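Reading through the structure tokens given below for one structure.
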Amino acid sequence: MMRADKRSNDEMRPISFQADFQLHPIASVMASFGATRVLCAISISESVPRWRKEQQLPGGWLTAEYQMLPGATSPRGEREVSRGKISGRSAEIQRLIGRSLRAVLELSKLPEITIHVDCDVIDADGGTRCAAISGAGLALELACKRLQKQGVLSQWPLRQRVAAVSVGMLQDEAILDLCYEEDAAAAVDMNVVMCSSGRLVEVQASGEEASFSEEELAKMMGLAKKGLRQIFDASEELLAKGLL
Amino acid sequence: MMRADKRSNDEMRPISFQADFQLHPIASVMASFGATRVLCAISISESVPRWRKEQQLPGGWLTAEYQMLPGATSPRGEREVSRGKISGRSAEIQRLIGRSLRAVLELSKLPEITIHVDCDVIDADGGTRCAAISGAGLALELACKRLQKQGVLSQWPLRQRVAAVSVGMLQDEAILDLCYEEDAAAAVDMNVVMCSSGRLVEVQASGEEASFSEEELAKMMGLAKKGLRQIFDASEELLAKGLL
Amino acid sequence: MMRADKRSNDEMRPISFQADFQLHPIASVMASFGATRVLCAISISESVPRWRKEQQLPGGWLTAEYQMLPGATSPRGEREVSRGKISGRSAEIQRLIGRSLRAVLELSKLPEITIHVDCDVIDADGGTRCAAISGAGLALELACKRLQKQGVLSQWPLRQRVAAVSVGMLQDEAILDLCYEEDAAAAVDMNVVMCSSGRLVEVQASGEEASFSEEELAKMMGLAKKGLRQIFDASEELLAKGLL
Amino acid sequence: MMRADKRSNDEMRPISFQADFQLHPIASVMASFGATRVLCAISISESVPRWRKEQQLPGGWLTAEYQMLPGATSPRGEREVSRGKISGRSAEIQRLIGRSLRAVLELSKLPEITIHVDCDVIDADGGTRCAAISGAGLALELACKRLQKQGVLSQWPLRQRVAAVSVGMLQDEAILDLCYEEDAAAAVDMNVVMCSSGRLVEVQASGEEASFSEEELAKMMGLAKKGLRQIFDASEELLAKGLL
Amino acid sequence: MMRADKRSNDEMRPISFQADFQLHPIASVMASFGATRVLCAISISESVPRWRKEQQLPGGWLTAEYQMLPGATSPRGEREVSRGKISGRSAEIQRLIGRSLRAVLELSKLPEITIHVDCDVIDADGGTRCAAISGAGLALELACKRLQKQGVLSQWPLRQRVAAVSVGMLQDEAILDLCYEEDAAAAVDMNVVMCSSGRLVEVQASGEEASFSEEELAKMMGLAKKGLRQIFDASEELLAKGLL
Amino acid sequence: MMRADKRSNDEMRPISFQADFQLHPIASVMASFGATRVLCAISISESVPRWRKEQQLPGGWLTAEYQMLPGATSPRGEREVSRGKISGRSAEIQRLIGRSLRAVLELSKLPEITIHVDCDVIDADGGTRCAAISGAGLALELACKRLQKQGVLSQWPLRQRVAAVSVGMLQDEAILDLCYEEDAAAAVDMNVVMCSSGRLVEVQASGEEASFSEEELAKMMGLAKKGLRQIFDASEELLAKGLL
């Protein structure tokens, strides 16, 4: 099988992270996985959700939101505000982003603040949730550095880095980092969220009108780990610039 | 570690499926996993969603909805209609139920109908989404039998049976079929949806404020397969009654 | 006129009340009037609505909600949460249930709590609001007994029992306890809510595209009283079991 | 007991109906019951609801809406559009208005049109739903006259006139046409909708935190009939002007 | 060009202001510009919006709402509550009304109250927002007089009067106070809000599918000032009655 | 008075337009007015709104939507989808953008298509609606060029270019192109939308808690025309690249 863009099955698309794309957020990162681009921004509000107060949970909170710009897809996507509510798909993705980041964040080491993570898809070509998690992880690290300097944080709250990648089964072959065309045709779609230590945070494998064997699951997991290494390497670029 | 109800780590709670709990649906199944009870009902409407017509996709469609009765939890849960929209959690679960059932259903073998799957949680004690998938799978099979007899279906559309089970990591031990108390305390929560052939349909492993190793993933997967066998066995009960 | 199920005009369908159908609520009752089944559950929250605090009204509050499961009717009913709001019909019924129960409840004898009454229709075959009021009344009594034992209630707050029944005019004859088919065909539809003392709580008689005379009103009222006696008798069953 | 405005217990407040208050509707009537004023307007649209077409029901349809202007009460009432949905109270009232008018209207004698009845409360001082029904009934009659002249109606669709009045029990006395102050204090609140022939259309008696005897019901019904006669008489005024 | 109602291009329709149309508001004015009638009511609530408290802004606040009765237009307009939200057009107009009145009101001279301005269109024939601003301005003045007498206001908060008028370009001629028919046909539509001193508060000129020159803008402005003088004169009527 | 960024009162901030920022839209332009950045994208759908069909209006339609990313402001702005509806401010702005573009677009020269204009604010520092109109105007021109090449357009539908600028009164001086800090402090805020021919499309001058004289209006208009010339000049850059 020849992939649409001639990549080999275990090859990522070009990855890049551009820091400080926006003016106002504490930190923002434009994450690119090939043609997919997601703008990830970190803002702070000085309170925690009521349920945390009521349960007297110490520390802060982190919450994520995910939306696509209407022009991020072709044909144009309707704005969710026009239908009055966020779609099931967006709700599911923003819950995943939040859980993934909280897995590496020690909430008890935060003061009583909420960290808002906004992931807005500028261009969608497959893998938007993975680009969002990977970019948001870096933006969060960058924000923590700055909040530490400003004295808002008195302890370092991040345990390690986090990133995400998609893998799938297409024509009985396992492939890494699916573009939209591949994603639409794949029999199985899998997302893996991993810490820089190699420990897993989320594994979601899903067959739409299809099923898969344990061997296929293992093959996809192997590819995912390979891709995640490349994503962690790409983040070194920001490190080299003294940002992280 | 001693489990709350003294089960061993690889032991399921008592499972049962009661057919035809409701009067009007083509088929309904009350699925019980221990104290968790989910009422799963199948209804038919004679059309398919507009997007399927516009894309000229042949056959029918299946869609699922999931809600908890307010009294299914303690403290009482607010009705989602009171907030004007379904929660992110419910949206995610009903998408999972729909994908799981469509994985074993050949839509092209259906006439132009929509199969509605309604999963309403009567009592929640952990594992409601797994009870819902397992119960809905049986209700769907029962409904197909009846629709075939009525001549609505001219071909048998189900490839095999489907069921789901939850596993998790609690105090560094892998455990099967978590009750609510265990679920709330677990570091990792995993749901596995599998066909009767042993092929996988969905694997979702998720660490809330935690991570897990590949070895732990493998251990949980082993337990899940063991539990799923028991669920498939429990469905034989309905078969024995001549219902399936 | 021969009734659909061969009952005489002044004959109720078989009535039964099954206590503690659900696990978590303080008390729950599954009320059956023939094929109609409504699950009525009582939960408590430890506050009262803001308007009661602002008006400095002493004691507690009771509020009711009513919904049908989608599979309670044929064809399947759309979930109200899908349309983003509760229907006019449900709003009207839940207001009626709340008023009916408050008529026998001395709010000033409650501590500062809200009693939530949830009536969920499992199977609808006419008379769901009457089954809901009758079942909820018993669930409320059972809950008060338990709350008294737990020391939550220091005074007995219920003045008497309450129950409801439907009557109607069909082909110029007054009939008792209409099933769905009769309800749809009736020229006049009437619901009577009564205390065990015989005093009335609500009388709602309504002609859809029809009118009725005072004589007909009196005839229907006579039948209603007869039916209500049978409902009060049926509740003795629970009493006999030591539940009330 | 001395009533707030010194009326005797069986005395209506001054009633008046002012025709053609608005410019655009086919007919409109400002109905005044004492200080209560409700503007009732009739408009037409040239189609019927989808459910009537699907069920192939012949003729037309009538639907009613009821709202209060924010300044109709003191303190000011919040607009229902601000909360995004109509209140339970308004939903209940507009369903009552619709049923009451349809009881005297032969839908099968209408062409395929929908008659929209808009009841907007300008000033509220108790009895707004009764003023709305009484005023809307006259506006409907006036509209039918004009639609007949225009040739839109080929048959006269109204069977007779309809009107409504409120009665109640206050300090153990039955009183007619309650003003707001009396309504708020009454133990029992009852609305009676009647045709000019004396046949009943709706009877709704309701005790909020109270109950009532059959004798009280009969007393209230007697007062209601007396009041309804006065309302029918007041409509003669419009007749005298050649409007009806 | 002959105007629809034979007015000259610089001629206003008959203007009138009727005070105290409603029972409960502190003050209300029915403003008529020809066949256009808008009911403007002033109510008070004893608090200010949270954002003013949080920003520690002194004094009170004024907010406006604007809606059309369904029967104010032909064909009948759908109620905005039925669609669950206020339309873009209404949102824009009520923001304009609020800004216009706040321009002449010294918020810092109010106690901590919110003044609610409700503008409900009874009959629409063009210029409803201008009639609303002009009528609401007078109702506000009347309300302030009464609040001063009651001791609620300790200082006079109004700097001067405010009024609004519409002008437009139709068939290359500037015309004053457009009726609906002219408004629908005009190439340019302009609204001018002015203080009694002649200072401007809002100028909104807008070409729908058209543009206009600076000369045309000047001509329209000239007409507007002429019209506004007449509106200020018409308010003297209320003054003469000792109301202002 | 010294302006925040040392500009003279009649000086624009640096303006730039970057074409084709997004992958999927027919054309997109990132418009920068100083630190303000708005992404303007053009997409097409092959139908027109129902009201245009019903009124049998020939040609196509253009509609605009405007939203801010949450991170476009500090503090972070809540997403409008979270509140379930678009704000009054956004509704007003997107209506203005739509009218402004339709003023230079001959709808009758379009085929039966809808042009969707999406303006998403990346960074807000005052003047977002003006940057949106100016950027969207260029994106529309670019899109029309491409649609003409593709044969979708058979006639050139744009009459001329359109742009917008903000002016205001601050400390009694008229200033051009206000940044956020100036906008918040200004007594009068004015937006002028103009064609490249110099004809006006929209003039909106507004005093929040203030008023202004005709002389001030004239001064602001003079500055606006100066600024608009510079915006039209800046668009030549894209022209020089052969894009327009």
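The letters A, B, C, D, E and F name the chains in turn, as written, and every chain counts its residues from 1.
By our rule, contacts are C-beta pairs under 8 Å (C-beta built on N, C-alpha and C of every residue); 3 or more make two chains touch, one makes a residue touch a chain.
The structure displayed is predicted, hence computed values, not measured ones.
Separation of chain C from chain F in touch steps, taking the shortest path, is 3. Considering the contact criterion stated above, the chains in touch with chain A and with chain E alike are F.
Annotation of chain A and chain C: jointly contacted by B, touch as defined at the top.
Copies chain C and chain D of the same chain sequence form an interface built mainly from equivalent positions, shared numbers / all numbers used being over half.
Looking for a copy of the B-C interface in D-E, C-D or E-F, one arrives at D-E, which has over half of the same contact pairs by residue number. Averaged Cα coordinates give chain B a centre that lies 50 Å from the centre of chain D. Computed from the mean C-alpha positions, the centre of chain A lies at a distance of 28 Å from the centre of chain B.
Contact of a single residue of chain C with at least two other chains is seen at positions 84-85. Taken as a contact graph, the chains are arranged in a single closed ring, with each chain touching exactly two others. The touching residues of chain C, when paired with chain B in their complex, are 21-25, 28, 35, 37, 39, 41, 43, 45, 65, 67, 69-76, 79-82, 84-86, 116, 118, 120, 122-125.
Residues 84-85, 88-89, 91-92, 94-95, 99, 102-105, 107, 195, 197-214, 217, 221 of chain F are the ones touching chain E in the complex.
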